[in-house]
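In this document, chain identifiers A, B, C, D and E correspond to the written order of the chains, with residue numbering beginning at 1 in each.
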Amino acid sequence: MNAVAHAPAGQRPATEPPPAARRRRHQLLPYLLLLPGAAWLLLFFAAPMLQLGAASLYDPTGSLSTGYALTWAFGNYPTALQAYWPQFGRSFLFAGTALALALLMGYPLAYVIARKAGRWKNLLLVCVIAPMFTSFLVRTLAWKTILSDNGVLVGLLRDIHLLGPDGRLLATPLAVVLGLTYHFLPFLVLPLYASLERLDHRLLEAAGDLYASPLRTFQKVTLPLSRPGLTAGMLLFFIPATGDYINAELLGTPNEYMIGNVIDSAFLVRLDHPQGAALSFLLMAAILAVVFVHLRRAGTEDLL
Amino acid sequence: MRFSRWFADRWVVGVALLVLGYLFLPIAVVTALSFNRPSSRLSYDFNEFTLDNWRNPCATSDMCDAVLRSVQIGFVATVAATALGTLMAFALARHRFRGRSGINLLVLLPMATPELVLGTSLLALFVAGGVPLGFWTVVVAHVMFCLSFVVVTVKARLAGMDRRLEEAAMDLYASEWQTFRRITLPLVLPGIVAAALLAFSLSFDDFIVTNFNSGTTVTFPMYVWGAAQRGIPPQVNVIGTAMFAMALLLVLASMVPGRRSPTTVNCPTRGRDP
Amino acid sequence: MTEMAEPPAGDLRLVNLTRTFGSVTAVDGLSLTVARGSYFALLGASGCGKTTTLRMIAGLEEPTSGRVLLGDRDVTRLRPYKRPVNTVFQSYALFPHLDVFENVAFGLRRRGIRHDDEVPRMLSLVQLDGFGHRRPAQLSGGQQQRVALARALINRPQVLLLDEPLGALDGQLRRRMQIELKRIQTEVGVTFVHVTHDQEEAMTMADTVAVMNAGRIEQLGTPAGSYEFPATAYVANFLGQSNLLAGDADGRSGDHVAVTAHGARFSVPVGRSRADRGPVHLGVRPEKMHLVDTRDQVPGGCQHVTGTITDTSYVGVSTRYLLRTGWGSELTVFVANNGAHDPLPQGGEAVAYWHPRHAFLLPREPGRHDRVNPLFDEPVSVGS
Amino acid sequence: GCGIEGGRQTEADCVSRDLSGTEKTLAFSNWPQYVDVNDDWTKRPSLDEFTTRTGIKVTYTEDINDNNEFFGRVQNQLGACQGIDRDLIVLTDWLAARMIRLGWIQQLDPAKLPNVHANLLPSLQNRSFDPENRLAIPWQSGLTGLAYNGSVTKEIRTVDELLTRPDLRGKVTALSEMRDTMGLLLQSNGHDPANFTPAQFDDALTKLRRAVAAGQIRRFTGNDYAADLARGDIAACVGWSGDVIQLAKRNEKIRFVTPDSGGLLFSDNMMVPIRATHRANAEKLIDYYYEPPVAAQLAASVNYICPVQGAQAEMEKLDPGLAANPLIFPDEAMLSTSTVFMTLDEAAEREYERKFQQVIGA
Amino acid sequence: MTEMAEPPAGDLRLVNLTRTFGSVTAVDGLSLTVARGSYFALLGASGCGKTTTLRMIAGLEEPTSGRVLLGDRDVTRLRPYKRPVNTVFQSYALFPHLDVFENVAFGLRRRGIRHDDEVPRMLSLVQLDGFGHRRPAQLSGGQQQRVALARALINRPQVLLLDEPLGALDGQLRRRMQIELKRIQTEVGVTFVHVTHDQEEAMTMADTVAVMNAGRIEQLGTPAGSYEFPATAYVANFLGQSNLLAGDADGRSGDHVAVTAHGARFSVPVGRSRADRGPVHLGVRPEKMHLVDTRDQVPGGCQHVTGTITDTSYVGVSTRYLLRTGWGSELTVFVANNGAHDPLPQGGEAVAYWHPRHAFLLPREPGRHDRVNPLFDEPVSVGS
């Protein structure tokens, strides 16, 4: 800056690159900004995934001691799907149900933090994130305590006959769905909050002025304008929830197992690497398909 | 009439409080148990009030090591992921260039990949490359999966920013760097802070990916996982409670009047919402 | 949602309306009545509480105290969407996710009306035919403002609130929109409450003009009434410009009040005096002052002041002269550029005269001096 | 190239350097509830005694909850001839056999294990996967059977009761280890786990599938069943003898039951994995635990079957009641009703494992 | 960053400046010179390219072609922060995270200047004393605009660009700010380039006024010159109002051009004619027209048109009459309210007359009719 300062007027300062060079630098800049992060992802995500992709086409009869041959065994995919479609379906069913519940809970929460909390905004925001600092395993175990057959909650529900004398909460689909909802709720709330916070309150006033009741205002203005955050939040919720297996494992029974449990077992217990890899790719493909359809329908493709 | 209007104004707040309650319920249990002297090693039931666990949080030899290690990993991974992710977010939000959608996909995919798959495939890479597992492989893994969340969060914030403010700054003698430092950064900071918080919590809380890539390094979640099977020492609840309380205290401290936190842009909302 | 079908509600009445923000009192015990079907203009300095007043009428802001009545109906606590009131917002507040057509149709839709042919009619009225499918972001400032206008007008509300609706338009378009607004207002009998900081706009359009200052109404009346005989110095300088000479009234003599100012004696008809004893401001509008070269050209019955021309500026329609008096104040004189006079030279001596029936007398706080525009003689009260 | 090579290693390819001479440390991974502790779980007396005696600091981690889970975690590294940073691990015989087959286990020096060779029970010598006891030295043996919590349910005697009794619906767990659960089921069908046909396996599996579908079984667990049983979250389960007896010490309503159709016998073995750098220290520890007084001290606390001859005599001094307990020092009657699960080749193991895992939901 | 200390850079020159956005040409080969230290006003309809021009001068927009020169120095590619140029933005662009004080101090700080007493002085100048600690969101529209003004002025740049800086201010404050701007400008010798849509503002303040249309300059000259003798119909109606009668010129006769319009014959001095044959617009400003009751009151040498008064409106300084002519056009006539005339009754017959030296003649596209304000005779060009 100083070089410019002392340059006499009317003379192009030496520090100022010629326009062409500046434009070139400008075109290079995004790539420079991207380089470290993209390289990281390519090396530690894309490369391993390629390797995994290859593994999904290995000879399914290979084993740890004999090794695996790449035989382009596309049959691994239908085989895996045939054996585990119930868990597949359940993953989407549970994640979808949890998402619906999370929307019912998360939208009001995000709305209140963004628009009603005033100076408590940051505090409430951290309240949403802070539970994650208490290890999720600790919290899940706490849920086990809360939902436990001998716990207060079950006792109460039994007393008011919402549960039969033998009824329980733990080890039911409900427990798994509640666990998923609980676990991933912050991922939904945070982006939703971000877009609700940006919402211009004057638009809401304008809607009210134009005869829209609060419900209508929500439906016609708030909701559509929060769509980017809503879409992002739904994805951040749904994607990991579909692949999760800890909640099913800790709060469910084998009848609640999701595809994550199957993949876990394929890699670690059954030692069927090709099938594990094939299931992983099937899951990713299914998730991506849902994601793309969702983005297309929400009209928020530029989230990509 | 007046009551129904009052109710209409408040019900959503009521619902939000209920949801917060739902989020806090397990924390309450954890907090209660942190003051519990369990009747047996395998029991979670509240037995007897005690302060012993708090007086002696590190009674269980390796737990505090694990917590410390998790904090270290979380810190390094957060700093790295936030730095790399913020740069990427700027590139994606502010520039049009070839291969932009490819990069966007590269950012989205890790979020669409189950953690288990991330963990095993990365492990395979480390094993094939002869990389010894430990602290740094965990950091590498954490940076990888936190990166996407940072990019998405910061990008959203950038997208909502008024470019004219940056132009105004440049017009007022702020160089590119000064503009970034004085205007862009403070305005994007809430987004970056949110991203960093998210990254830290993701890293601190991760079990699945860490479990594959940690070698003998034991993080707090891994410790808890192991402990869960042989009876959790009550001190685990102390750590859980303390971490939570610390996060809250930090924010409360920044709210003390007179010390306005630079990340808090307190614009009083004119008018009220319908 | 059938308020629309109700008969027009009658006068709009604000009773003792107050709104405070923390320590700032934006609107301060304001009471006024806007006759049903009239065109009401609200003028006042920036930050004097105009927007806040409109927002309370619309129901977007809850009064700290006081009431809003439509006819006999107390609507103070009625939710905005239940009031037969629409607003054209100062910031437009167009829905960014809806195109122009849907923005304009919004109010009709909410009331379950599906007159889709109304919308093109409305768009054509604001000269935006063919813009129906654009999004607000694709419009220039002026175009956005017209959409906001159409969006409110289409509902034919009982009261239409306009918060500087023509602010972003250039002069030509602005004049056209003024005429159109006025036409719509008379045609549909809607009560208009129009905030503007354009004095000329307020005067040409409104039946009643209210001048606000620091949250209160200083004067309320017809444009000509308030202009010709302002109630306060603030109004005298807000509604047009005024030369206010500091003097002392010596009481009535016949049907005139005698005033001594800066050593000279003047008189003002009793009917145009708001004080007849003690410190006063003697006011004369710049266009009511005439300039001549010498004292003997002053017609009989007129009063005069002598000075030096320090500045002349050509404003197209008229020329503005600044005349420095012997005691140092600078008087403003407008001379119409109607081709009848030759311009007077800058630096020359000149005499400004006026007929007493064009002067007016206002009480003056002791210690206050001449108030002649546009000097920075005192700060305008802004906000609190 | 295409595909990946097998994970089999040989000692020649994958040599380890022993640093025991300079580093007096030992990383020891074991199962929970598998070592003696004092009353408030703050000390491990026998390990502390070992450290005092040898100066070797033992890092003792209870991170083995399930054989499969542990194997899954280490397979990649060991298969690539990389260390797992553990000097000593304890795994069940069938898995020990597999790891030995894969060449992932270091040979021990018999000269350094005098107590082992002197005191190892004869029944545990000459095992097919390690005939000379140079690779896998038994830590404890035990019985897989049933357990119930008497404060939640009434007594249980048979596997069929566990799988069908309506009052137990949803309050039962079984073990995620195929051999444990399927072994008991085969026995309950009157078949011999040591020698069965695929059809017999399928019959047993059908029985299990029915129980799962009916919601009888809440979960399939590793060692973590113990906590649930103690709390009463589950009423009954398939479990391991020592764990349950330990729980019974604090709550006498908790009982271990050898089903009428018989129990399953297993042993868990200490092994030094490849690339471990403290083999000599490990050998010292292995030999230490084969001193009868130490073995008795351990058995008195963990209540598993002690593999050390002479420990029973030592136990008489400590706790005569335990010395007479057939679940710790089994008698002939006990042994006659218990079997060891059949040795499976790799293909059979995978097939059975696949079928079993599919039934248990994964 | 001591450009401030440099000697003033000389004239600001735009050479053949062009900026296109996709298919829209916002600025189209614009060339002009703004003399150093002069006050330059830029007028034009919404969307005609005013903001784009300013942005190219400030360096916020790169020209598609053409050059920007400050004295001899080509600054076309210089980064904005290296130009001794400041802007008051149309949208204010206040930094929301900084308070008013810090907003105003921003430019000083960047140049390492710590004159913290400058800031209160500046705030007091824009009448915002005591507002230093408010955030922009806590200000009314007009208050925000004044902060933006202070933020740019405090830097005393060589060229100050003002994009409708007074748009949200009320008349009184506006006049004060106008005077203050002008004072600062003369005092510090800063070149001002001021975009406004207020014709009067442009004329009172500027030394030179440029009227822009569709990316080009239509006329550039002194306020009086352009007002008195506009170059095009667009200018005639943008800079003030005009009555433009469609007629045909029959060539010169002596020092006059003869015109036939609507069956009547008129004449215009040659020196005030931009065409002397073919279709023309005969223009007369509303204030140059006079109203009398009967034809015989028209003074000699004047030309006249007879009609009916359809509307009168009181505007304070003057009264506006609309006169419907025999052929149906409505002429606008301003009569100054200087107390000399009695108002004419609405509905009555009247004669409007003017002196030929106050008329002007412009070429007319065949087929175009009368252009008299403020009828909706043709759409204004807005946006693209």
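The definition used in the following text is that contacts are C-beta pairs under 8 Å (C-beta built on N, C-alpha and C of every residue); 3 or more make two chains touch, one makes a residue touch a chain.
Note that the structure is predicted; figures quoted are calculated from it, not measured.
Peer 1: If you apply the touch rule, which chains end up adjacent to both chain B and chain D?
Peer 2: Output, common partners of chain B and chain D: A.
Peer 1: Which one of the chains is farthest from chain C, going by Cα centres?
Peer 2: Following the centroid criterion, the farthest chain would be D.
Peer 1: Farthest from chain E by Cα centre, which chain is it? Let me know.
Peer 2: D
Peer 1: Give the chain pair that accounts for the most C-beta pairs in contact.
Peer 2: A-B
Peer 1: With chain centres defined as C-alpha means, what is the inter-centre distance between chain A and chain E in Å?
Peer 2: Whole-Å distance between the two chain centres: 56.
Peer 1: Return the distance between the CA-based centres of chain C and chain D, expressed in whole Å.
Peer 2: 92
Peer 1: Could you please state the distance in Å, as a whole number, between where the Cα atoms of chain A are centred and where those of chain B are centred?
Peer 2: That pair's centroid distance is 14 Å.
Peer 1: Could you give the separation in Å between the centres of chain A and chain D, each centre being the mean of its C-alpha atoms?
Peer 2: Their C-alpha centroids are separated by 39 Å.
Peer 1: Pull out every residue in chain C that's touching 2 or more other chains.
Peer 2: Correct list: 60, 79-81.
Peer 1: Tell me, which residues of chain B touch at least two other chains?
Peer 2: Expected reply: 44, 124, 128, 175, 228, 266, 268, 270-272, 274.
Peer 1: Using the touch rule from the top of the page, what residues of chain D touch 2 or more other chains?
Peer 2: In chain D, residues 73, 79, 231 touch at least two other chains, as defined above.
Peer 1: In the complex of these two chains, what residues of chain D are touching chain A?
Peer 2: Checking each residue of chain D against chain A gives 2-8, 68-69, 71-73, 75, 79, 101-102, 169-171, 176, 212-213, 215, 217-220, 231-233, 346, 350, 353-354, 357-362.
Peer 1: Would you mind writing out the residues of chain D in touch with chain B in their complex?
Peer 2: Residues in contact with chain B: 27, 32-33, 41-42, 61-63, 65, 73, 76-77, 79-80, 82-86, 222-224, 226-227, 230-231, 247, 250-251.
Peer 1: Where on chain B does chain E make contact in their complex?
Peer 2: Touch list, chain B to chain E: 162, 164-165, 167-176, 178-179, 182-183, 186-187, 262, 265-268, 270.
Peer 1: Tell me, which parts of chain C touch chain A in their complex?
Peer 2: Of all residues in chain C, those touching chain A are 1, 58-60, 79-81, 85-87, 89, 91, 93-97, 106-107, 110-111, 151-152, 155.
Peer 1: Could you pull out which chain B residues touch chain A in their complex?
Peer 2: Within the complex, chain B contacts chain A at residues 8, 12-13, 15-16, 18-20, 22-27, 29-30, 33, 44, 84-85, 87-88, 90-92, 94-95, 97, 101, 103-118, 120-122, 124-125, 128, 140-141, 143-144, 147-149, 151-153, 156-157, 160, 175, 191, 194, 197-198, 201-202, 204-205, 207-208, 220-221, 224-225, 228, 232, 236-237, 239-241, 243-244, 246-248, 250-252, 254-255, 261, 263-264, 266, 268-274.
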